[in-house]
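Next up, some structures in C-alpha cells.
Note that chain A is present in both complexes that follow, paired respectively with chain B and with chain C.
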Partner chain A sequence: MDATIALFLVQDGILNGAIYALLAVALVLVFAVTRVILIPQGEFVAYGALTLAALEAGIVPGTVWLLAGLAPVAAALEFWRQRHGLDARRSGRIVLVDLVLPGALLSLAVALAPTKPAFPVAVLLTLALVAPLGPLLYRVAFQPLADAPVLVLLIVAVGVHLALTGLGLVFFGAEGMRTSPLSASMFSLGDLVVTGQSLAVVATSGALLLALWLFFDRTLIGKALRASAVNRIGARLVGIPTAMSGRLAFLMAAGIGAFSGILIGPVTTIYYDTGFLVGLKGFVAAIVGGLVSYPITVAAALVVGLVEAFASFGASAFKEVIVFMIILPVLLWRSLRGAPVEDED
Partner chain B sequence: MSQRLLVLLFAAATLAFPFVPGVPEFWITLADYIGLFSLVALGLVVLTGVGGMTSFGQAAFVGFGAYTTAVMTLNWGVSPWLTLPVALAITALAALLIGAVTVRLSGHYLPLGTIAWGISIYYVFGNTPWLGAHDGLSGIPPLSIGTFALYDARAFYLVLWFVLAAALLATANLLNSRLGRGIRALRRGARAAEAFGIDTARAKLIVFVYAALLAALSGWLYAHFQRAVNPSAFGLNAGIEYLLMAVVGGAGSIPGALLGAAIVTILKDVLQDILPGLLGAAGNFETIVFGILLVVLLQTARDGLWPLVARLLPAPPPLPVPVAAPLPRRTLPPPGTPLVAVEAARKAFGGLTAVNDVSFTVHAGEIVGLIGPNGAGKSTTFNLITGMLRLTAGEVRFDGERIDGLPSQAIAARGIARTFQHVKLVPEMSVLENVALGAHLRGRAGMLRALLRLDRAEETQLLAEAARQLERVGLAEHMHRPAGALALGPLRLAEIARALCLDPTLLLLDEPAAGLRHREKQALADLLRRLRGEGLGIVLVEHDMDFVMGLTDRLVVLDFGVKIAEGAPAAVRNDPAVVEAYLGGVA
Partner chain C sequence: MKSLSLVLAVALAGSLAIAAAPAEAQIKVGYTLSATGPAAALGGPQKNAVALLPSEIAGQKVEYIVLDDATDGTKAVANARKMITEDKIDVLMGSSVAPTSFPLIDIAAENKVPLIVITASAATVVPVDDKKRWAFKVVQHDSLMAQAVVEHMKKAGVKTVGFIGFNDAYGDGWYTEFEKLATPAGIKIVAREAYARADTSVTGQTLKLIAANPQVILIAASGTPAVLPQKALKERGYKGQIYQTHGISTPAFIQLGGKDVEGTIFPAGPIVMADQLDDANPIKAPALDFIKRYTEMYGQPPAAFAAHSLDATRLLAAAIPEALKKAKPGTPEFRVALRDALEGAKDVVLLHGIANMSPSDHNGFDERARVMVVIKDGKWQLLK
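Moving on to the complex of A and B:
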C-alpha cells in the first residue's frame, strides 16, 4: 500500500465515517429519550436514498403508500387514546395532523413525481416523505409499550426492521440504485483526487452535527429532550410531555437517516436491504459511546469508517466480519464496568 | 383427563401422523421443518425465556452443525452418524468461546452482541471457499439406518421426531433439577442465587452451550434432510426468525417452542404461497407479516400464545409433599464460639462512606440485633459479610479465616445464609422450588444426571428438606403456589426457610418481621429462639423495637455508618447517643 492508496482509503473512511456519525448520534438520541435501540435506523437511510432515486426517475416512490398506510392507523390509535375528553378541537387536530397533512404530502408527491422535479425539490420532498415515518412508527409500534423493559423494545425494533425491509422490497424492487451527486466537481491535491461529493458529505454532516449540538445545548426543546432522557418521570412532573419527546426524537432520527441516505446514495449503490448494515455500523459507534456520549460516538464513527476502508482494501471478503468484531471487546468492556450480577426488573 | 395422558395422546398423534392415509407428502415435509426449527426454538426457550439472555444469533450455531457434517461427509466420506459427535464437539467449543464473552454482557448489550457475532459468522460462512462460499455445499448424503437411506420425508420424520422428543424430555428434566432451579433464577433472582452458592456465570454459560448444542443438532439433521447447505439459512434473518418462534409460542415454556415453530413455519409457507400473488411480484414478503406479528404480539401477548392454550388444558393434579430421609447436617460449633468477626470494616461509595470502621463479633448460640435509623449502613454491612459488596478497608473473618474478597458462593458454602430486605424470590417458581434453591450446596447432581433424570433420589431429598423448612416457618400449605402469589409477610418467611435450607451456622436476617402480623411475629420469635438453642448464630436487622428488645442478646447500633453503641438491649436503650440518633437532639 502506498501513500496515494492510503490517502484514498482515509478519504473513503472519513466519508463513510461521517455518515455513521450522523446515524450513531440519531441512535444515541432515540435511545436516550425513549430507551428504544433503533435497529430500523438503517431502513430510513435506504428509504431516503431510494425515494430520491425514484423521484429522479420520475416514479412515485413507494414511501407514500407506507405514509398513507401508517397515518390512519396512528390517527385511529390517537382517537382511542384520547377517547375520554375528545372535543371538536382535539378531533380536528388529529384529523389535520394525521390525515390531512399526510394526504397533502401524498398528493404533492403523486403530482410532482412524474414531472421529475429539480434536484433541490426532490431532496426536500424526500425528507418530507421519510421523516414523518419516524414519529408514525413510534406512535404505532413503540408508544403503546413506552414503559416496557429495554429488551422488549429491542425485539419490537427488530420486528419493525423486518417489516420495513420487506416493504422496501415491495416499494423499490430488488434492483440497486444510485442518486445524483450533490456536487460533480473533482480536484486534485498532489496525487489525491478529492471529489466534490466527499467534501459536500463531510461539510453537510459536520454542519448537521453542529446544529444538533446547538439544538441540545441552546434551545428549550433540546433541553427538554435531554431532560426526558435523564429522567422520564421527572420530566413529566415538570410538564415536559414525554410522548411528545419520543415523537420528536423519532422525527429527528428518521430525518437524519433520510438525509444520510441522500448523502450516501451517489457514492454507494443502495438496495432495499442495504440500510441494515449501514445502520449497524452506526451502532458500533453508538455503543462505543455507551449510547450516551455524543463526542465519543462521533469519534468512534470515524474510526469505524477508517477501519472499514482499510479492511476492504486488505481483506475485502472479511470487511464486515472485522467491523462487527470491533464491537465485542467494547461490549465486554462496557458490561464489566457495570454491576456484576443484576436482576431484570 | 390428566396432563400425562394428554402428552401421551399428543405423542401418539405425532407418531401416527405420517401413516394416516391421504396425508400429502408436502405436509410431512412441513412437519419435518417444524421439528427441525423446534429444536432451535427449544434452545431459545431455555436461553432467552428461562435464562433471560436474548439471542439473535442461534442460526449461526445451526450453521456450525450443518457445515461440519457437510464438509466431513462430502470431503472425507465419513458416515453421517460419526459426524454428529464431531459437530456437537465443534459447536460446544465455539459456544464456549463465544459464550465466555457473551454471557458477561449485561442488559441490552447482550442481544446486540449476538447480532454482531451472528452477522460475522454468516459472513465467514459466505466467504470461506472450502465451505462453498455463498453457493454453499450440495450433494450431502442422507442419513441411513443399515442400508436403508432416509431419502423420504416420511422416513426422516420418524428419526427427527424421535430426536426432538428426547430433546424435549431432557430439557424438561434439566429445568426440574437442582441445576435447573439455578437456571430459572438467573433472570429475576440472580443475586439470591449467588447468595446460596450458585455460580451464575457458570450457569449462564451452561445454558448458552446447551442452546447452541440443540441448534447444532438441528443443523446436523437439516444438512442431511436438505442434502445441501448455504449460508443464507444461518444468517441474522434466520436468527431473528428463530427468536420470533420462541416469542410467538411463549419463550418461557417448553411446549411454546413447538407451538411457535409450528405457527411460524406454517404461516411462512402459507404467506409464501399467497403474498407474491397479491403483491404481483416475487420476494420475501412474509418478513413484512412476521415483523408486524412480532410487534403486535409483544404489544398484546408478551408471554406468547402457549399460556392461552394452557388455560384450556386441565389443571395439573395437586403435587404430593416430598418426603425423604433428611440430608446430612453440618456439626455446629459449641455455643459461645466466635463465628463472624467484622474488623474495622469500611465501605465507601464515591464520597459517601456507608460503613465506617465498624467492628463487632457474633458468636454461636446468640442473637445479635443490628439496629439504627434508615441509611445507617445495616444492609450494607450484610452485603459486606456475604460478599455481595467488596470492602474498601478492614476485614471480615469467619471461623478465624478471612472471607472478605471471596465470592458469595464461597461464603455461602461456609454456612452463612441470609435473607434480603427487598424479597428476592423468583415469582414464577413455586414456593417449594424457591426454598429448595437454598439447599443447592447440599446436593451434587450436575448437568448429565439432570438431563437423564438420574438425580431423582437426591432431588427428593432436597425438596423434602425444603418442605420441612417451610413447615417450620408455617408455610406448608402454600408450598406449591407460585411465589408471586404470596403477600409480603409469607414471602419473608419463605426467605427464612430458604436460608435454613442451607443448613447455616450463621443466619443473617434483613428485616424479617416487616409485613408480618402480630401472631406471625410471635411464631417467628419462637422459631429464632429455637434456632439459637440449636447453636446457630443469628444477626437481625429490624425496625420493630419490641421484637428486637425481647429477642436479642446483644445490640449493635449504627448511625451514618458508624457504630455508636454496643451491649445488652436494656443498656443500649438508655444510651444517650442512641436516643439522640433515633429521636434527634433535644434543643
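Moving on to the complex of A and C:
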C-alpha cells in the first residue's frame, strides 16, 4: 500500500463515515428520547434514495401510498386516544394534520412526479414524503406501547423493519437505482481525485451535525428533547409532552435518514434492502457512544468508515466481520468498567 | 389496539406470496421461488414467467402452485414439504439460488418426487448419486460459462486477470471454475477480491485490483449489484477489458451502468440474444415468442433468469408423454416414470440451450447453451 492508495481509502472512509455518523446520531436521539432501538433507521435511507430515484424517472414513488395508508390509521388512533375530550377544535386539528396534510402531499406528488420535477423540487418532495413516515410509524407502532420495556420496543422495531423492507420491494422493485449527483465536478489534489459529490456529502453531513448540536444546545424544543431523554417522568412533571418529544425524535430520525439516502444515492447503488446494513453500521457507532454521547458517536462513525475502507482493501472477504468486531472490545470494556445498570422497568 | 398495528404492518408485508390454481387439475407442478428477499431480482421475474406457462400438456390439464421462499432455505424446505404432502405435486421446481435449492434435493429424494433445479450451481446435480438421481437442472453450469470466458481471453492473448466476485456461493463457484480452466490456459489470476451484494463502496477492492495491474478484470456478480465494481474501476481510470458473467443478463444492468459498462464482454444463455440468433437455431422462435408474451403481460422485457422457470416446464413437457404411458398423474408410479422419462429426454429445445439428459448427466447442456455478448451503444450484441 502506498500513500496514494491510503489517501483514497481515507477519503472513502470519511465519505462513508459521514453517512454512518448521521444515522448513528439519529439512532442515539431516538433511543434517548423514546427508548426505541430504531432498527428501521436504515429503511429511511433506502426510501429516501429510491423515492428520489423514482421522482427523477418520472414515476410516482410508492412511498406516497405508504403515507396514504398510515395517515388515516394514525388519525383513527388519535381520535380513539382523545375520545373523552374531543371537541370541534381538536377534531379539526386531527383532520388537518393527519388527513388534509398527507392528502395534499399525496396529490402534490402524484401531480408533480410525471413532470420529472427539477432536482431541488424533487429533493424537497422526497424529504416531505419520507420524513412524515417517522412520526406516523411512531404513532401507529410505538406510541401505544410507549411505556413497555425496551425489549418489547426492540421487537416492535424489528417488526417495523421487516414490514418496511417488504413494502420497499413492492414499491421500488428488486433492482437497484442510482440518483443524479448533487455536483458532477472533480478536483485533483496531486494523485488524489476528489469528486464534488463526496465533498458535498461530507460538507452537508458536517453542517447537519452542527445544526443538530445547536438545536439541542440552544433551542427550547431541543432542550425539551434532552430533558425527556434524561428523565421521562421528570420531563412530564415540568410540562414537557413526552409523546410530542417522541414524534419529534422520529420526525428528525426519518428526515436525517432520507437526507442521508439523498446524499449517498449518487455514490452507490441503493436497493430496497440496502438500508439495513448501512443502519447497522451506524448502530455500531451508536453502541460505541453508549447510545448517549453524540461526540463519541460521531467519532466512532468515522472510525467505522475508515476501518471498513481499509478492511475492504486488506481483506475484502472479511470486511463485514472486521467492521462488526469493533463492537466486541467496546462492549467488553463497557461491561467491565460500568456498574450494571438496572432497567428502569 | 397495540397488537393491531403490528398485525397490520406484518399483514401488509406478508401479502406477497401467491398461489393461483384452477381446480381439478391432473398434473400438479410445484414451484418454490425466491420472489422476495435478497434474490428477489431473480425470483421475481421467474415467478412472473409462471403465468405464461401452458395450462395443458399432452392433453392433460396442468396446475401450477407457486410459493415464495423469501430466499430462505428453511422456508424453501417448508414450501416443498407443504406442496408434496398437502398438494400432492407430481414434480417440484426450484429454487432461485443455491442456498434455497440444495435442501430441496434431500426432500425430493426422500419423497421420490422429481426435482427440476433452476439455479446455476453444478453441485445440485453433479455427481448423480442416490439422492441426486431425482434432481435435474435447466440452468447452465458455471463451468460451461467459465469455459467460454477463458476461451475468449485466450484468443485475445490475455495473460493476467484480476478477479472480483460476490462474497457468496456465486462468486466462489465462479472463482473455482474459472481458476480450474484459466491456469492450464496460461492465464494468471493476479488478484482476487470479494464484495457483498449490499456493499455501498468497493473503493478498497478496486484500488487493490488496479495495483496488481491485470490486463483484464473479471467481475463475478449478478444483476445490478454487478455495476458497482465496474463503475468504481472506471472512476479510478482502469482501461483494460472488463468481463462479466451471465448473472448480468438483465436489461436493468445496462440501464443502471450506462456509459461505464460500454464494451463489457460476458457469456449468456442464447435467449438473451434471441433476436440476433441464426434463423436456423431452434431456440430462436420459442425465445422470441416468450419475450413477446412476457413483455405484453408485464410491460417490460424479461430478465434472462425469467426463462429458467419456463425451461423447467418445457423440460417437463418433453417427459410427460412418455411418463403417461406408464402411469396416471398423482400416483407414486407416475413420479417414478416421470423421473425416468426426464433422464431419457433428448434434444429438448429450452430457451437457455438444448438438453440431452443421460443417467450420468442431469443437465445435458453443451456449447449451444451459451453465446458471447458485448455491450455496444447501450445494447447487447452477439460476439461471433
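Rule of thumb we're sticking to: the second predicted complex is superposed on the first by the 337 of 345 C-alpha atoms of A that agree within 3 Å, B and C clash if a C-alpha of one lies under 4 Å from a C-alpha of the other, contacts with A are read in each partner's own complex, and residues count from 1 in each chain.
Criterion: contacts are C-beta pairs under 8 Å (C-beta built on N, C-alpha and C of every residue); 3 or more make two chains touch, one makes a residue touch a chain.
Remember, predicted model here, so these are calculated numbers, not experimental data.
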{"item": "When chain B and chain C are modelled together on chain A, clash or fit", "value": "clash"}
{"item": "First, second, both or neither for A:L9, with chain B first and chain C second", "value": "second"}
{"item": "Chain B versus chain C as contact partner of A:T269, first or second or both or neither", "value": "second"}
{"item": "First (chain B), second (chain C), both or neither touched by A:L154", "value": "first"}
{"item": "Partner chain(s) touched by A:V95 [first = chain B, second = chain C, both, neither]", "value": "neither"}
{"item": "Which superposed partner A:L108 touches (first chain B, second chain C, both, neither)", "value": "neither"}
{"item": "Contacts of A:F283 with chain B and chain C, given as first, second, both or neither", "value": "first"}
{"item": "Partner chain in contact with A:L192 - chain B first, chain C second, else both or neither", "value": "neither"}
{"item": "Touching partner for A:A243 - first (chain B), second (chain C), both, neither", "value": "neither"}
{"item": "Which of chain B and chain C A:V321 touches, first, second, both or neither", "value": "first"}
{"item": "Residue range of chain B overlapping chain C upon superposition on chain A, of 254-262, 290-298 or 398-406", "value": "290-298"}
{"item": "Footprint overlap on chain A, where chain B in one structure and chain C in the other make contact", "value": "141, 144-145, 156, 159-160, 162-163, 165-167, 169-170, 173-174, 317, 320"}
{"item": "Interface residues, chain B side, partner chain A - complex", "value": "52, 54, 56, 101, 104-113, 115-117, 119-120, 123-124, 127, 187-191, 194, 200, 237, 240, 243, 247, 279, 281, 283-295, 298-299, 302, 424"}
{"item": "In the complex, chain A residues that touch chain C", "value": "5, 8-9, 12, 15-16, 69, 73, 77, 80, 140-141, 144-145, 156, 159-160, 162-163, 165-167, 169-170, 173-178, 193, 264, 267-269, 271-274, 276-278, 308-314, 316-317, 319-320"}
{"item": "Complex contact set, residues of chain A against chain B", "value": "37, 141, 144-145, 148, 150-152, 154-156, 158-167, 169-170, 173-174, 280, 283-284, 287, 317-318, 320-321, 324-325, 327-328, 331-332, 334-336, 338-339, 341-344"}
{"item": "Residues on chain C engaged by chain A in the complex (per definition of touch)", "value": "1-2, 5-6, 8-10, 12-14, 16, 36, 38, 40-41, 44, 167, 193-205, 207-208, 211, 223-225, 227-228, 235-236, 250, 252, 256"}
